[in-house]
Structures are given as structure tokens and as C-alpha cells.
């Protein structure tokens, strides 16, 4: 057997982390991955996008979260060490996948991906397999190691047990972000007894299962997730900032494609305006670059781009009302027309945003949400899907909840120096 | 009496804050100030500069901290309400000064101010008194209100009691940042019983004093401050990033003054390269703008600028050794000479950084550090300076501690493909 | 108007409290009540009875909890101050009732009340209305004040709003004990955002209602309560200690009534063995007295009493199996018979304990559980019962959950030096 | 090699602990020790004696703390595992000594030991070596194992490294009680970064040393200890309760020795009234027994005993003034005389209590306080005593601080229906 390229660090490295107290790194491979420029780039990409406009504490980055997912995975593997179904030779693969699972995220991913029609998961794959420092580090382990890491993250790896540690309905990813996002926003949701959950996780063939004695801690985790979705992730003010952000990207792209002359050429975005950009271009992007453009665009000629950027940077957000598009189909064309008459382009200033969440689901073959259900292992060794044992989980299982809101610039509508009649009519419709 | 321009908000606004749980705003004036673009700009300026390279949680901003100082001040004034020496008519002035005390900070202030020879306190004054949204809001209160706010922040206001709430050796500013920085970095220092301190604060002529029964909580606060300075604020890794940052600014300025042609003109910095910039230029700066330039400078022609930016962004920092310049005067010229021979410009690659802190001091007239000492009020009404009552504080009072470190690119010195002899000699001297 | 007997304290008194940080007392009346011997007696009665055998941290007392309920009520009334439907003249009545609501608890109330067929609520009434220091203090307020306090606690007071602050499905009592019991046991359940709930509570005619914007915090509180019931309050090991405790009381009573001669006369229990004891006798009881007897009874002649006391004090508890008496009616007589044959008195050594909880319920007139449902007040002023707005609460609303366990001394059954056959048969039945 | 009597538990046992989250037991030996009746007796002895009258949360027991010391020791040994100077064969000895180090404590030890002139350390020894369940369990390991455990606790064991884990100036005992007492009292002192300290502890010949990089965490620990002593352990109100408690024991003993007839014979104390009691008698004592007697003594004939018990149980404590006996030698005889004239026996009602603490000390051979100093190990392997490296510790090192208070029943002195003149004179002297 040949000596592996990466061994153990001479002295363990530790990161001080508010959520897990310390993050411990003993493997040279992990240390090398953290040091790559593609991983360091995650320091310039916020974990929660525009949430910081609602919760000012939410300024933490994906760098932060990625280390956390690695650390939880490390602790899970400590529990698995020596147990049936688990082979320690899979340790570095699992840890690498945990650390890198979000490496493809770009600036304000949610809006960016939507407008430019891309997917951070594809970028993750390209970063791991392409001409990057990360790929170089991974290849030092073995020629097929980068592919294995990418497969685990994409859930196509043969050993499903490894995948389920990082993405299932109770995985290292979710356990980190719920706690971390709760910590940085300061909300009191997001707490559950992770130490207990780690103690009752067991490897079992192609998945991680939970000892039945830990069921209540899992219930608490699921409720925690439920609350975080509605109290933090789908907060209507955050969504307002998100709406404006998407419209900025959309406007800039549209202007560019229509031959508009920017005062300073937005070269960083060129390739994305025209289709899927190159890996190099993508890696050059981050939230600093993006905010730089938003700032200079505050002084652009185009009135819409300028206004949206001023709104975003100075937090002059759109207001919102409840608005279910399915039930208001008749109002919609009228509203659009009235906006146009009031000199407000409805493509930018009249936006419906719908958020929906499925707090927990048992397995439904062929459905979109492919995260595995949670299985309990009973004292007699039998396996039972969680919602069959837990009343609380059963109650919310499979119940999708959706929230529709209509966003618009109330300040413009209240300014009735012009188009008084249309604006009053709009406000009447919105208040229905 | 005329109706004031700003009254009470119809419904109290609250911010969720991880440190103080909630920040409460009831005054229209405060709400208007928070909404100004100059105050929103603080969202794009980190509270702890480069500390995030050492403590990845320290991504919080000055926006965050400014709200915290306001909130603590608000709670202090609730305690003062109705007590002798305190007049409620000074409430809005005190709250405004608390909220705005840091509004003049720029991107990575510490380095920026040093290289461009400026002072954020002057900028604070200009923002409050100049042609800004903040000035407009403050002027609505009364014509002389902006000046009063500026004077409180500059400590020249006639009523010293107000000043001492915001800047003394135990003030709303320090109480917020110690707790906040501890929270976001995750260190276990920085905790003290603020609720108790607030309960024992009393207004007394020209200063805030502390009831003697609260002395131990104050001791704890001072030790907390001491630990935060050495464990967080002066962390040698953070200082390494700070050193590189300063050298980037210095190099860019030097290149510009020498007529170097940048690939993209660094227009945002022009006025600062040439002297004190205008207020407009200053307000346009933030950390996104700065990081944008650092990123594009990674591809500049100039080898030094390029290298420093790559180091900063990808966290390839300088290493350090203990190095007291006063005791190593002889080594210094030799080291500089050897660096030059090894093709490493010592102006950029050989840097001594000295940090020093005075954890607490009684009053010494005429000295630079003008923060007021802490006074206790005894049950009999007499006033005693803290260090005369507390053994622990007496022990560290007036004792300045200094730490000197020499920073340099160890990686370059270890690469002995060229200048082997000089590099080995350098390493020998540094290891002395 | 005459000057009231009790006014404000010259200086506010504070208690350091781990759960609420500080408990503030400004009213002389409250301070006087805390100082009575009947209230100080609560220091010698644990909040959670035998729970400390399972969670060793749960050694906190009813004194502790009673102060907490007072403090929460005080904070609620601060929110109510100045709002419609609330009259500040009811403040002292509400605070007194909050402080005294549990004053009738005796040692290990749960078992004690069951065996001696009494109710701590009756004792609370007698302590408030009888010849006690508490009654004396209350009477100083006015002749009818004690009766009013007793009526609020008994929920017969005319102003239902006051009652609902102290006993409804979201009241000061529950909010304190959930947090306090979680703190002292160390479990991670029991956390919810009480500060938020307090901010959204509103007085409304005959009840406290919750602003709709606080619904999620209330959901979290209800889930918290659910988890605490099953993870802490109904923990099977605690119930085992409770079973033994009940049997000790039962045995002592039975022996006494049968003329058994105790080595030391259990005079403290005499009146309870013979029926409802006097108030004086009841106030003399506490957990120290009870444990004193248990200790000396370890050396009694009677084998059963001796054994049960040794078990209780040295934590040699009964083991348990799932056992639904409704489904095992046939096994029961056989088990009893086998126990008798095995020389184990089934009245003491074969015990079914059933615990059940209704996590939340809407109103069902005439039913036993009379706590009021939780009502939300919508922005339009309309009132809606919580489960109609909350999916999660709806899911668990009205769903009673019951757990049946059979307790028995496994150690005796495993000791097969005698009655081998019967014991093996018993174990076979229990393992079914 | 023979199979040891105790092995590993089939399934790890865990205790939920608020301070360390979980306490893990894997060794059958430890589990057996916890189950002994002498160890379970610690559940009936509070950790902080009378502190609960000041901090109502401080109701935790020595059982609680003993498990904590065991757990910290277990974690230290996990760090030591595999390092030079540490032999894993000493593991069970160290863990047993950690668990049992306080097993000799009796009810309200501090006062009890003083009045009856005994020492809980002697009792610890007797319990370990005498005819007890603990001795039986330990002897199963080997015949000389009990003696080894006793020696470690008494610091006479040959391997000083083991002793220093459990008693030095930074040991498992102190680290547990500081955190635990802070948790239960709710004070904000008592926090330090134990996880960091555990990470930097190293076995080194005959002591535990600390890596220099952990110095600041140790400084924080020492300051924490300093604050806990003066804010909690020496709180003047707690000392007032302690003074009364001592006087109860003293009075009861004196009465008994003078032939006084108690209504119920205090048989539990007989052997202690007459000298050192037997081990059996000692093990029968606990705080329930003690409080039982205090309660019935509230109805004794003797006025002093009755009064002191009423005061203790109903928290009607003595008041206090600063009073340095060394400087008030002249006042003392006069005060005693005046108390006698005012019909207040000064032996019981006029009490000076002096508390003193040495927050940290370097080694002074031959002195009473024999706890080892803390040594740092520098990166070069050299050892330095802590106060030589730390300014803060140096500042307080060796500085003993003493506080003298005079306790007396102010209520009696204010009741001037009799002895008006003497009482007024007393109050004048006390107010000097």
C-alpha cells in the first residue's frame, strides 16, 4: 500500500465557531481544501442572501456554514466509527463532500440563478471537476476522487449511506443551518438537542436511521425547521428585498441585450447576460462585485435600474399585501393596466411572490422533493418511518403550505401629484 | 410651545437582535435616522475589519453595533428617568448621538485612516453637519440640533453627563461592542452582567457614576474588556491581514502618484490618493467597493499590488515572530538589506506592528486617552475612583501592555530556488 | 381616600433568578407575603416531586417557581398598563394571586394528595383565608382582600381577565414552569420566546388574547409544553419513584389504622391517616419531615414499609413494561395471583400507572379540563381560537395521549432462590 | 491475566446534566459506585449549604457536583489518552477518586464540622475504607484499591499527577463547582472556556500543566473563581444564615450536655454531642434529618434554641455591619456587656464572622494551603509558574483578602419596649 498524499496534520487546527464552539481539523486534505481560493471565496457570499435587511444579524457567510456542516459530519462519523454498515475508508470522501456541498453558490444565489437560469449544483460539480485549486487538491488523493465527491453531493454515488449523511430530511446540512441561522438572526427557534440526535444516529445499509429513543429530539428538530421557514426564510420583508434584487438583474440584462450603454461596462456579468457564463467568470463573482455594480448603477441613466438599486441599497423596499393569483385572476390584468397608466412598469413594480414549504414528507416515488424520509430503528431492530410513530410529525407530514404576496412600491402610489385616479383605483383593488 | 416635527411612532418598531434580544424604537426621529442612506451604508462596513479572517463569525457590521449602542443608551435613560441630575429633554439628543457615534467609519477604517491620514471622527462630524439625509432629519428637530449631536460625539458638548453615557471607560459603546464582538466571534470572554450595571448606573452632575454595590459587575466588565483586547482585537493573525491591507492601500496610492496606468481606473480612490477626499466620495466608499478593486487588482501588472491582493482575498497571510524594534535596532537595517537582495521590497514585505492597550486608567490630566475614569458612589454619597476600591482594577490600572510583532511572507523565504543564501540568513535572524 | 397600609418599598428588592435573570419587587405587600412562614415553607417542597431521581438537576422548589410566576405576571401587567380593558387597581390582587397560587402544595403533593384524598387547591384556600401570617398580611389591605385572592386562584372571581393571566392555556404559571423545569433538568425543550409572547398579549374583556403576529411564538410554546410532558413530567423512571412513594404512604397509613406500633410514633401524619388533617398539621409538613420518616422507617419491623423506604431513598426503583390494562384484563388476575404465590404483595409490588395529556384543547363546555382556549386577535380586531389559525396546533388539538406502564420489582423476580416457577411465569407474561 | 470484576457496561448510561449537557458512564465500576447508598445519600446534602437563602436557585446537591467532577475528569483523561506521562491503567483509580472526593460531606458541613470539631475529609476516608457499600464495590477491583482511592483524595498517593487532576489550583473539582454554582445561582460570573482548558491540559511527570496558548482561558478561570468567592460563597446574607445555623448546633449541644430534656430526644445527634460519632451515625445524617429537628425545635422550651430555629426556617436572619475585630478591640467587651444587659446572650446573638480568600498563590513550602500552583508549558518545553507569565494573575497572586462582619438581631434591638437605653447605645456603637 502506498502512502497517501495527505496524512494527519502535525497539530490539530481549530476554528472558533459560535455554533459548535470549535471546529476541529485533523486531516491535511481538509485543511488543504479550506485553503483553496474557491473555498475562501465563500467568505464573500452570505448564507442567507437578503435576509440581513430583515434580521440585521444575518450577515454570516457560506464559508461559515460549510465549516459547520463539515464539523457535524465529523461528529457523526465519530459515532459511526466501529459500527456495522460503516467503513472508515469512506471518511475522507464524506468529509470532503460535506465541506464542499455548497461551493457552487454564487452571489445572492436565489435571485441570480432564477434570472440567469442556472443552478448552483451544476457549478458545484464544475468547480470540483474543473480546472480549480479544489480539483487539484482532490486529485492528489486519487484520480477518481473528485468524481466521487461530486457524485456524493449530486446524490448519484453508489453508497447511499454517505449521501444520506449530507442530504436527507435530517442531515448535517440542515442541522447546521437551522442552528446557525437561528444564532445569527437571534430568533429563539432553531434550537434542538443536536447532541442527542448525534448520539442516536446509526448507519444502516443505505441510510442513516435514528434510534427510537431519540424520536422526541427529532420531532423538536422538525418543528424547529418548520418555524425557521416561516419566521425567517420566508419572511415577507426579506422576500421584498429579493424581489427587487431579481428585478435589478433582470433589468440590467434586458438593457444590455437591448444595446443600452452603461456608464461603466458591466463586464463581470457579460457572459451571464448572454447565456451560461464560463467557470472563470463565475468564480470571479461574489457579493462585493455585485454590490459594486448596484452602487454605480444608482447613477445610471435608466430610471428603473437606478431606482431599483437605490431601493435595494438604502432599504426602501416594496410593500406587500396578501394576494392569491389563483383567486384574483380577474384583478391581475386590470392592475397591470393601471400600473402602466400610472407610469409604473408592471414588469418591475408589480410582483407576485409565492413561497411554499413541505415541513416533512414520507416517501412518494417519483416526486420532485427527493430527500429521504426519516426512519426510526426500534429496539427489536425493525425500521419504521417517522410519521408512523410520531403524532406531531404525522400531523404536518405531507402538508404543503403556500403563501402568496403581491409586492409593489407603495411610496409611488401614495405620491398622487400625477396619475391620482389610477393610483387610488390601484390602492382600492389591493386593499380588497 | 410648538408641536415638535417628530413625535412618537404609532406602533413601536422592533429589531430582533441576538445580543439585546430586541431593539425598541418608539421615536419617529430615531426611525427616520435609521432610514437615511448614510446610516444604511453602515451595513456595508464590518464592525471588526479584518477580524473575520481569524474568527469566521465576525462578519457583523457597524449598522448592527450602532443599533446596539442606541438600545443600551435607551435602557440607561429609562433608569435615569425621574432621577436628579437627569433632564428628560436631553433624551433625543443623547439617543441620536448614541445611534450616530460611528457613522463616519469607512471601509476597513483602521488601515484606511492610517494610509490616507484621516480620522473617522472628522467624517462623523461632516456627515452630521454636511449636506446629507442625516443632517436634514436632525435639522427638522431644530436648527442647532445637528451641532449639538456632533458636539456630544466629539465630547465638546457643555453637558458632560450626556457625553459620559456614550464615551467614558464604561459607556454604551463599549458595553455593546464587547458583548457583540464576543457573540459573533464565539469567544467565551466578553460576558458581564450588563443588566446589573444598568441597574446601578446613576446620573451625577457631569458624569455617570456606579453604585458601589455594583462594583464587582464592573470589575468583571473591565476584565472582559482586557481579555477581548488580547484574545480578539489584537489577535496576531488579524493583524497580519491588517498589515497586508494597509500595504495594498499604500501600494495603490504610490502607483497612482507615480503615474502608473491601472487596467481600470480606481476612480473611487482618486480624491483620497491626492489628499482628503470630498464627503460625497467618502460616502460612496464601502467594503464592497474596496473588495471589488482588490479583486480586479489581482490581475494588475504590478507584481506587488497583485501579490498583496491575492494574499488578502485568499487568506495567504504573512507569518510573524516576536520582534521588539527597540531591542533589535541592529538587526533592522540588515534585515531590510537582505530583503532587498532577496528581491522582496521591505517597504511591503517586512513590517513591524505594535499593539498596546491600557485596560483601565484613572485620570491623568493632559494625556491622550481622555476617556473618563469610573467613579463609584458609596452609600454615604461620596464618590471614589474605581481603582481605589477594587484590588483587581488597581492591579491593572495604568499598566500599558505592548506587543510587537514582525510580519513577513514566510512562503517566499522558504522558496529557495533563488537567493538561497539571503533567505537562510533572514530566517536565522528572525528565529533569534 | 385613606393611605393604603402597604406602599412602595423605599428601595426595590431583587432576587437573582436563573430563569428570569432578576425578580423585581417594588410593593411592600409582595415583600411582606414572601416573608411569611407559610411562603418560606415552599423552600422545603420541590417543584417536581420525584423528578430529581431521573434528572438530578431538578432539585428546585416551589418557592423558586412561585417567585417566577409573580415576575411573569408583573411583566404582563407592565404591558397591560394603560391599555383598554385593564384597570391598574387590580394590580396588587393579580400579583398576590400569582405569588400564592401554589402555596397549598404539600410534600410530594401528587402522591400525598392521592393517598390521603385531598387537594392542594383546598389547602391554598385555607391558608389564604385561615389563621395564618399570609391571611394577616392580606387582611391589612382590606377585609375582603383575602377572599378576592382566593377567588382568583379558584377561578371563581368575577373578573375573568385576572384569572386568565394566572390560569388559562397560556398563563404565567405554565410559562414559568416550562422554562424553569427545562433549566433545572437541563433538557433542551422548554424554550420559547417568552419576551415576544409578553409583547403580544392584550387584555380583552374577560380574557388575555394574543396578537396574531405572535402566533408562531405561541405554537412554539405549545410544542414546548408537549415535549416537556412526555420527556420530563411523565418520564417512566420518575413515575417509578412516584409509585413507590405512594405505596409508602399507603402502607404507613394501613399499618397505623391496623394498630401497628411504629418504633417512633409518626405523629406528623396522624391526622392525615384519620381523614383530613388540620391546617396547623398540614403546614408543619414538608419534604424534610417526610424524608425523615422514610429514613427511620428503613429500620421498621414491617418488611414492606422497610423495603419501600430503602428503595426510595437509595434509588432502587421498580422496573416497568408497557401494559395497557384495557387490553390485558385477562392477565391481570393471574399476575396478581402469581405475585401472591411468589410472596410479593401485589397491592404494593404490582402497579399500573397511566399518564395522559391533552396538549391543547379548544373549548368544550362542561368538560373537566376547564382551562380557557387561546384566542388570537386579528389586525381587524376579530377574535379567532388558535387551532383555527395554526395548522400545527390544529393537528394536536384535542388529541389526548395516554401511556400505560406496569411497575414491579424486577430484582425480586430475578432472585429465584424461592418461588422459581411463579417468577419465571410472571416474567413470561410481562414480556408478552 | 485474570478478568477484572468490573468491565464495560453493555450500553453506556447517560445522565442529563445542565452544566455538562450529558454525563457519560461506560464503566461498570462507576455505575456500581453511583448506586451505593452512601453515594445516593449525597442527594440529600446541598452543594452550597445555606446559600439557597440568598440565591433561591442554589438548591443543587453534592450528588450533582460529584457526577460533574467525575465527568470533567473523564474528559481530561480522554485528552491524556496516549500521551507521555499518562498510563491508562490509572484511569479507574482517577475516576473513582473524582467521583468520591466529597462523599464524606455531611449536612451543612461548614457549620456542622466547626461545631462538632470534625472534618469531612476524615469521613471520606472512613466511608471508603470502612464497612460500607462503597468499600465493597472498590474491594471487588482489588484488595488495595480502596486505600489507593483514599490516598488520591488525601493527596498522599505516590503518583502526584493523579492527585493534581482532582486537587490543584485548576482541577476537575473547581472547574465543576464554579460553573455549576454559577448555573444554579444564576449569576453571570463562573463562566470560562472549559473546553479550551481541557484541550490545553497536558500530563507532565507529577502534575497537570497547561499549554501556554491557553493562558488567557486560565486567567479567565481565576478571575471567575475570584468573583464567585466574593459574590456568592462569601455573600453576607448567606453567612448570616450560616451564623444562625452554627449557633443552633452549638445551643443544642450545650443544652444536651447540661442535661436539658428535649421534647423529642435528638438521638441522631447524640454521638456527635459527645465527641466524634460513629460512621453509622454519620451516614444516617443528612439535611432532611437536620431540618426535621430544626422544625420540632421551633416548639422547644428553650427560648434561644426556639428563636434560632424559627429564624433559620423562616429566613428571619441577623443583620450585619462591617466590624474588624482587630481594630475594635475596645468596643467588643462593651458590646458584650450591653447585649447581656439587654437580655440578649452575646454567645448567640453577637457574632463576628471573618471570611478570607487567596485567589491564587504560587508555591510557598510549609504553608497551610497546599494546592499546587498552576504551571504553563512553553512551546520550547520549559515550565513556568502562571503568575510569572500573566500580569493579571501576578497582580492578585498571594494577596489574601479578608472581610469581617458583625452579625446581630437588629429586630430585637429595634424593639425598645425593654432595655431602651442599652439598645440605643448598642446601635450607636455599631454605626460607628
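Letters A, B, C and D mark the chains in the order given here, with residues in each chain numbered from 1 onward.
One rule holds for everything that comes next: a residue touches a chain if its C-beta (ideal position, glycine included) is under 8 Å from a C-beta of that chain, and two chains touch if they have at least 3 such contacts.
Quick caveat: nothing in here was measured; it's all calculated off a predicted structure.
Peer 1: If every chain is reduced to the average of its C-alpha atoms, which one ends up farthest from chain D?
Peer 2: For chain D, the chain whose C-alpha mean is farthest off is A.
Peer 1: So which one's got more C-beta contacts, C-D or B-D?
Peer 2: Higher C-beta contact count between the two pairs: C-D.
Peer 1: Provide the C-alpha centroid distance between chain B and chain C, rounded to the nearest whole angstrom.
Peer 2: About 52 Å, centre to centre.
Peer 1: Can you check how far apart chain B and chain D are, centre to centre, with Cα atoms defining each centre and the answer in Å?
Peer 2: 44
Peer 1: Using CA atom averages as chain centres, what separation in Å is found between chain C and chain D?
Peer 2: Computed value for the inter-centroid distance: 32 Å.
Peer 1: What positions in chain B touch 2 or more of the other chains?
Peer 2: Those would be 21, 187.
Peer 1: For chain D, which residues are in contact with chain A within the complex?
Peer 2: 14, 21-22, 195, 199
Peer 1: Per the contact definition, I'd like the list of chain D residues that touch chain C in the complex.
Peer 2: 15-19, 21, 35, 37, 40, 43-44, 52, 55-57, 59-61, 63-64, 67, 183-187, 284, 286-292, 295, 313-316
Peer 1: What residues of chain D sit close enough to touch chain B in their complex?
Peer 2: For chain D paired with chain B, touching residues are 187-189, 191-193, 196, 216-217, 219-220, 223, 226-227, 230-231, 391-392, 395-396, 399, 401.
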